[in-house]
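Common to both upcoming complexes is chain A, partnered first by chain B, then by chain C.
Coming up: the complex of A and B.
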């Protein structure tokens, strides 16, 4: 047997599944892998700042409150992005803002997955009365414009105390985003479950006598879960931009620096020619969003060729 | 047709009920009694009681014909939203804000749609070339820049630095003068996502056999694109256009805030700042009603442009 034949045989005998196949397709796209690298860097940075705060390391981003120069010092070799009104380093604030943005987007995603996926699966599987109630709930939520709904939730939840826990700063932000954005994923999963539930593998599972819980969570959900991943890689960008808008409207983190708060500061600063704080926050958001947009599209193409967009 | 519309109108009842329930839960149950907040610091118990009386906050929550729950529904269905924090009736504030908001959002929206639909047709025709790739790259980059940055840099450079437009709204400006720059910025910010969406739609359409036939017959490119392809791509375009109309009434939160345009977006931002639940609740309700109505209109439009879709 020649070498190439052996290789083919080896490849064939290994077998593959959706995730392996998707990963293989993804690895072939160089640009998507670069973007993935960028996303990983942002996440690592956020994780690193958490660690640094926990262990109280005295490093750049955690020392953002320290005065690094004069008030409104323009960018120089000492402060790459200059300083703000209090002389704090804009670079440090931008790095610290990564933590806030990533935390908000991640928590909001988790909340909406935890609410949306089971609800969608249950509605799609049982249909009937349960389905009607769930469809009613999400139709109601989706008939209010998205940004208005987030704002309404954020205004009401802010500074409220629930079970002895006060919702301050970003907690209210990600709760507001999470509680309002499960609708899309719920609708998607419901539709997909309705398509899947009459397929042979589900009929087989029923004939084995699997419980309904097992069918939904062990058979149906793994077969539609790639849609959740695709949906959220694209929705993550929207969450980050929503956090910026909420912070800008004064509903976000007040005590620590965030990208939205930096842009809010810049509103007054720009007329004095102080552009660096604005530019730093914009650049930080731009690269993360760009990477997420490109990677999300590549992920969709790799995991679900049927959804491919050109 | 009539029976379909009647059925759909009946279906909106639970949705309207749901929205009212949502605003009640949010602003009355979770939001709580805000009379102390309204009265301000150092108010006497008497003032607080008066405010409670006026807003009906002293009434029982449920289980009475005069409860807050029933009154909430009654007021919303008769479009009686009470008074805002500054004593002006909420409905007057909203009526006043609709004009400037629409003056801003209507040209902005139709600008975005017309430019992106025609550009996407051309891009779909030259697919795979350098131009196509360039446009996609610009679109994705444009989608990644935060909206606020578009506004801030646009305002700073075009209005403040180069003086091409007025920086802020002032009553002595004509409408065209004060909406010009916000409209321009809105179009620039919205173009990326829309162009990308319509490009996908057009590419799907371009692959069909009828396009090849049309070209084979010797029709001009312009005729094929703008007559044949555009007509067939109407369904996704209509969905996007009609469903966006209710949002036009809301104005643009951020653009109005930055340019000081006294529309509904500005009203919302003010209401958020002063935690004026009455205004936010009324806006939520009205926008939901608009959305439900335009959803119905979308479905009726489908049957108008595509005879294969019947509403029975």
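Coming up: the complex of A and C.
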């Protein structure tokens, strides 16, 4: 056996897995990696604000409520994005808004995954009556226009108390978004599980006498989980937009700055020529949305087996 | 709709082959035209088409109206519209100041007995209700009454019994009128009638022929009102739309739908009402006729308010209200000349007002006029005196009062237009105390507030908890208002949680005394400050007008004494004493009095601001030539 043949054999015997291969492909995409960097910066900023609030650090974003200048002062070297009605720095508010948006999108994504993935897997694996019930539930839910559904949930959940915990501000927002947006991931996982359940590795697990729970959660879900990650990255943007819409409609965070609330404030300020609050919030949303979209597409291209073959 | 007809005419023309095009293009063109026609047909026009010489008043309402039943409404927007359709016995003189009552449906001012307990009022003859299907119909509540297909019956003549019926309706507990407090414990036998209505199953089961001793009609044109005790404000109440005559035939005919089928005696009648979007009134052909006032106050002639003296009114053929909740679209419509008058949105103030209180050259170029007047209103941050923490801690309430920077609030939210409220009675009222400012109750003094808070903590027995503040709105304005109050209170060391809620939730919470602090305001409906003082009378605790749940026996005694007094220096002295008693106990931090800044186009004539009257559309006139000229002017303005 030649040296090259031995090398190929060695490589083949080592094998590769979906995640490593996907990461390798992703690293090759320069633009996607830049976008990943942007996303990381937003996440780090949100995390840093959480830490600063927890340890009571007096830094820029946590001091958003302080007066930084005159009311409606235009952008200047002192206040890059100008000030709002109370003379608060728009830059600080924009930075603080990152925390609200990331928190809402993250929590809403996790809620939708926690509901959608197990339901989809159970429906796809068991089929029959269980499947019909779950399909009926999500078909009913998806028949209601999305924004109206979120609005209805947000209005109902707002200021309600559950187990002694009052749902105010962003809690009501991410619960409303999370509870209404699990249908897509549920449908996706159900379809994928239906495809996988007759494959050899599942048949082998059945023949070994594995329990249904073990088959679903230890065998099936890990093999379809890349879809959850792709879906997560793409939905994250939609959830940020949903938070902005809810805040714009007065159903979001009222006490602290969020991008949606800033746009809502700016809407009426535009007529007096105060454009900077609108510009700051829009720019922040634009870069995060763009980065998440490009990175989400790249992630799908790298992890989806069908696209990889092509 | 004219545009729609044009599209279909063009389509028909093409189909007939007058425009020759190659065959493959024609189906596509046809589909495009049909789609465009459907889209345009789906876009509802704003109302009836305006004829070239038709005089139409164009107004904007910022919220939808609830109904047009005069006995069962209190919101200002419904009153504005209904006041053009219904008429009470008296009205405020359009031009004279100080405000003066003059007869409207009454022949003259009432004859009052020496003991001030009996009022005899002669009713005008020859006043007719507007023509309506309810008159002459023998069918009670026909199923197709809403179809609008029935012919109008001839409106019958107004009789004194129609006023009795209107007042009895308000007294009917099943009718759930918000105006009952006006008559509570005032007219002989009316409270007993109200008690009787409690025994009836529904509003329709009430026997309105049941006698009320204090409301009699010796003949068709005489109304006699007998009072339990002197009530000098009765004439003011008889100028309120709630006492306007209602035809029993209309109530019987329309049943619950009477709120959308007003049948009045006024100069206009309802033509179109699209809830939430559009209201249109047309001239009432059965209106008896009225003349524009010939006398006003000094300066009225120079201002052009007497140009139409002695002419028959109304001038307008139609009155239109478009309901636009957002201020910006309403402002743009005004600039386009599609609305005759508007208030200035706060974010457009700099665009409108230049220095020295004058309009900017851009506004002058458009021939826009500015009118300002002091509105009889007061706004406040109220404290629930039934709250165990706030109610028992006067230094705490005082601290909150001193912590609020009212001037900053007025600067940020009202472009320095409003006045600081040093007390509860607005400056436009005759009983306003001009020395109230010197008392210092509205002073901004954070240091004093902090000192008072230390005292408040001693009374409370430890650190003060966070307080909840309820605001009746969730929009940007309320959010920013809440933020401002919170910032002021946080600055002196008070923790506050703001609760933004829709108005029904807010009202429910305030009425059930489950809020700690709440923001609200009130506008007087009469020149008597009694409306404001009643809000602190202990018999009227929430859900009554006293939302503060304030009790002060000394205040109550003064209030009861003043209630039966004729207007004069003694009564005003009592009012001022009561005001000081309230300010001393501090059940609210009074914030501001509104000063209205209204703009109107130069074609909108006879627009003299009035603080208490609403049925003023009959006086307005449009200079049609000037309105037409504005369209040309717009083309020259970039």
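As a convention for this text, the second predicted complex is superposed on the first by the 290 of 310 C-alpha atoms of A that agree within 3 Å, B and C clash if a C-alpha of one lies under 4 Å from a C-alpha of the other, contacts with A are read in each partner's own complex, and residues count from 1 in each chain.
Here is the rule we go by: a contact is a pair of C-beta atoms (placed from the backbone, for glycine too) under 8 Å apart; a residue touches a chain by one contact, two chains touch by 3 or more.
Given the structure is predicted, the values throughout are model-derived calculations rather than measurements.
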| task | Could you let me know whether more residues of chain A are touched by chain B or by chain C? | result | B
| request: Quick one: classify A:115 as touching chain B (first), chain C (second), both or neither. | output: neither
| So, A:147: does it touch chain B (first), chain C (second), both, or neither? | first
| message | So in the superposed three-chain picture, is A:160 touching just chain B, just chain C, both, or none of them (first/second/both/neither)? | response | first
| field | Touched partner set for A:251, first chain B, second chain C, both or neither | value | both
| query | Is A:86 in contact with chain B, with chain C, with both, or with neither (first, second, both, neither)? | reply | second
| query | For A:267, is the partner it touches chain B (first), chain C (second), both, or none of the two (neither)? | reply | both
| message | For A:238 in the superposed arrangement: first (chain B), second (chain C), both or neither? | response | neither
| field | Shared chain A surface residues [contacts with chain B and with chain C] | value | 250-251, 267, 271
| task | Spell out the part of chain A that touches chain C in their complex, as residue ranges. | result | 65, 71, 85-86, 159, 250-251, 254-255, 261, 264-265, 267-269, 271-272
| request: Within their complex, state which residues of chain B touch chain A. | output: 14-15, 18-19, 21-23, 26-27, 30-32, 127, 140-141, 143-149, 152-153, 155-156, 160, 199-200, 203, 246-247, 250, 253-254, 258, 268-269, 272-273, 275, 277, 280-281, 283-284, 287-288, 291-292, 295
| request: Provide the residue numbers of chain A that touch chain B in the complex, in ascending order. | output: 136-137, 139-141, 143-145, 147-149, 151-153, 155-157, 160, 237, 241, 244-245, 248-251, 260, 263, 266-267, 270-271, 275, 278, 281-282, 285-287, 289-290, 293-294, 309-310
| Any idea which chain C residues touch chain A in the complex? | 327-328, 331, 345, 347-351, 412, 474-476, 479-480, 482-484, 487, 498-501
